[in-house]
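Sharing a structure with you now.
In order of appearance the chains are A, B and C, and numbering begins at 1 in each one.
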Amino acid sequence: MGFKLNYLLSILPRLIGAAAVNIRLAVIIMLFALALGTALTIVRSLKIVAVNACIAVVISFVRGTPLLIQIFIAYYVLPAVGLDLSPEVAGVSAIAFNSMVFVSESMRGGLATIDAGQIEASTALGLPPHAIWLKVVLPQLFRRIVPVLINEATIVVKGTALLSVITVVDVLRTAQQIASASYRPFETMIGSALVFLVINLVISLSGRVAESRFAAARV
Amino acid sequence: MSAPPVLRVSNLTKRFHGVTALDKVYLDVHAGQIVALIGPSGCGKSTLLRCLTWLEQPDDGFIEVAGKPLGRELMPGGVVRRQNRRQIDALRPQVGIVFQQFHLWPHMTALENVVRPQTVVLGRPRDEATRRGIELLTRLGLADRMDRHPHALSGGQKQRVAIARALAMDPALMLFDEPTSALDPELVGEVLAVLRALAGTGMTMLVVTHEIGFAASLADRIAFMDHGRILEEGPARDIMAAPKEPRLRNFLDLVRADHRIVTTTVTPTE
Amino acid sequence: MHFDPAVLVDYWPLLLQGAWLTLQVSVAALVMGYVAGIAVALIALVPGWLPGLVTGCYVETLRNIPFIIILFVVYYGLPFCGIRLPATLVGTTALALFASAYYAEIVRAAILALPRGQFESARAIGMSPMSAMWHVVAPQILRALVPPSTNMTLTMMKESSVLSSITVPELTYQSLVVQGNTFAPFEVFAAVASIYWLIAVVIAEASRRLERRVGAVQAEAVSRNRIADRYLSLVARRT
């Protein structure tokens, strides 16, 4: 029972087709994570003690529990409290929530590296807070955390593979379906590993290109 | 002088992938002398110091420290014998080096930086090593900085800790690589004072420097190096006043033009 | 919807057994993964292009594939090579493999971050290579290793939940068993999440102590002025 390369090649098209699901979900998740993460960061910057204390607990919870458990909570617990979500929506919400926290945490790190003088100058010029956020802080912040966001995108892509556990038909679940019919699980899993490897390498490489563009634009 | 020199370098040659960094270097430094080694950038000054501590292994030639061969020795009958690591390590404390970037150990306090090598290398009891460390640091004006870690010290203070660390091993010879270059220009006078004080204790020193004024006001003798060779060596006054070697004359003109300000502040008026 | 912890009363032993296995698996994978990671890092530092290329491929491959897929590759790959092991061992091996890639990067970065002059200054003063390693190099590398390593170990502990999908009876697996028996998802996952959270908090606290012990470089709080802090700090000060 040797390794059947032909078989592996024959199933790749189906796996690549299924990868569209992972990519679509990952894009949606990243958009939510970015928007919500930014919002969360701004809320935290208001420094309302009680609110920030609650947020700190949520952050600690999200960072301290497995993503898989968070997905199960969205999938099993939310329906029990009356929120009946499809597996896809439940999974996307869980990963997006998780990712939101990581985006906000990297923004916290990025904010610390922004030059304080600009803020003083902007304040002295009488810019209102929303303008300072939109025109001064956020553009620099996003530029600074591009590498972190790229990394987060690959983490999100990897996270979408967990959604197969809650019946989303993604690369992994497709692979499992194929394997149960062909009895060649090893080649099939290698196939899905390759699919993820390519997706994430493309993300990392394009991220590096984008970074150097940004770096060039700054000079 | 009949006593053997503290440092005797003969025919020292070092190549890096075909690039000759040291080309048959000969140099003697006698007890109590301060020799300044000057020369253009890339001429091999740092390489020479690194060879003298055996951080680089020279390809050819011999080094003698206080009469004892270092690294390689000439046996009767003209056979060259390479010393083993232990023999080299045993001689290394004899040659104290203060690196350009000091290389203090950041996870130890200033005092521990001075104490630890004494206990590890010389096997001194800890309290004796501590006493010596405190004495040296106090002498170098760091009595109130001993418990600080290097990151909490200024550049000049770090340098003095590095000097104390080397001195604690009771070296026969001290090597300095560009002692002024990692510090603010205003500190040149301070470094000069520290090295002069050291000279006052009779310490033998070989000091690599870019600052010609610094060399002139500190050294007894000056050696000029270019392209890996020592082209001229002699009493500081003679070298400064009447350089024979055309390349040295060129170098002096160049540096004097560049460093007029520093030179005038450091060189004592004559 | 009501929250009734009493439904779990018969199942606590099962959950605690699961938690215990999670801890055991994580510790075993930490040890195995770290040893492998150090080996990979040392190979990566061998001069020449080949060692760097090979270890680079190793690290990048493992880091860019979801752990659940690595797990299944190992799970089906071992029998494919004629090796039959119990699921728990398979899962631990896969976890160690996964973590080794990250540990390798951590170790490599810590070694590269150490300036060459540190070792050289110790050698130049007469320390033997072993002494220089022990007194000068190792303490500094250790300091640089602790924060990222504990972070990664936390990540790995959380990833161990994925072992449930190959029927390793760790905490997540047991939570699904209990959920199937009680149909009380709220109570079950609240309990399980709390156990994970507790483990994570304990690891984080332990690492903080360890960091202080080895004097790891702490990120210094940047103190700035109040105007800039309005935007650039997220720390709420009690007034």
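One rule holds for everything that comes next: a contact is a pair of C-beta atoms (placed from the backbone, for glycine too) under 8 Å apart; a residue touches a chain by one contact, two chains touch by 3 or more.
For each chain, UniProt lists the protein as follows: A, C = Amino acid ABC transporter permease; B = Amino acid ABC transporter ATP-binding protein.
No experiment lies behind these values; they were computed from the predicted model shown.
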item	value
Contacts common to chain A and chain B (chain labels)	C
Chain nearest the overall Cα centroid	C
From chain C, the most remote chain by mean C-alpha position	B
Pair sharing more residue contacts (C-beta pairs) when B-C is set against A-C	A-C
Whole-Å gap between the CA centroids of chain A and chain B	56
Distance from the mean Cα position of chain C to that of chain B, given in whole angstrom	47
Whole-Å gap separating chain A and chain C, where each centre is the average of the chain's CA atoms	20
Touching residues (chain side chain B, partner chain C) in the complex	53, 55, 85-86, 89-93, 95-97, 99, 101, 103-107, 116-117, 120-122, 165-166, 169
Chain A to chain C touching residues, read off their complex	1, 3, 41, 44-45, 47-49, 52-53, 60-61, 63-70, 72-73, 76-77, 80-82, 108, 111-112, 114, 116-117, 119-120, 123, 129, 132-133, 137, 154, 157-159, 161-162, 164-165, 172, 179, 185-186, 189-190, 192-193, 196-197, 200-201, 204
Partner chain B, residues of chain C touching it in the complex	115, 117-118, 120-129, 131, 135-136, 139-140, 143, 215
Touching residues (chain side chain C, partner chain A) in the complex	1, 60-61, 64-70, 72-73, 76-77, 80, 154, 158-162, 164-165, 172, 175-176, 179, 185-186, 189, 192-193, 196-197, 199-201, 204, 222, 224-225, 227-228, 230-238
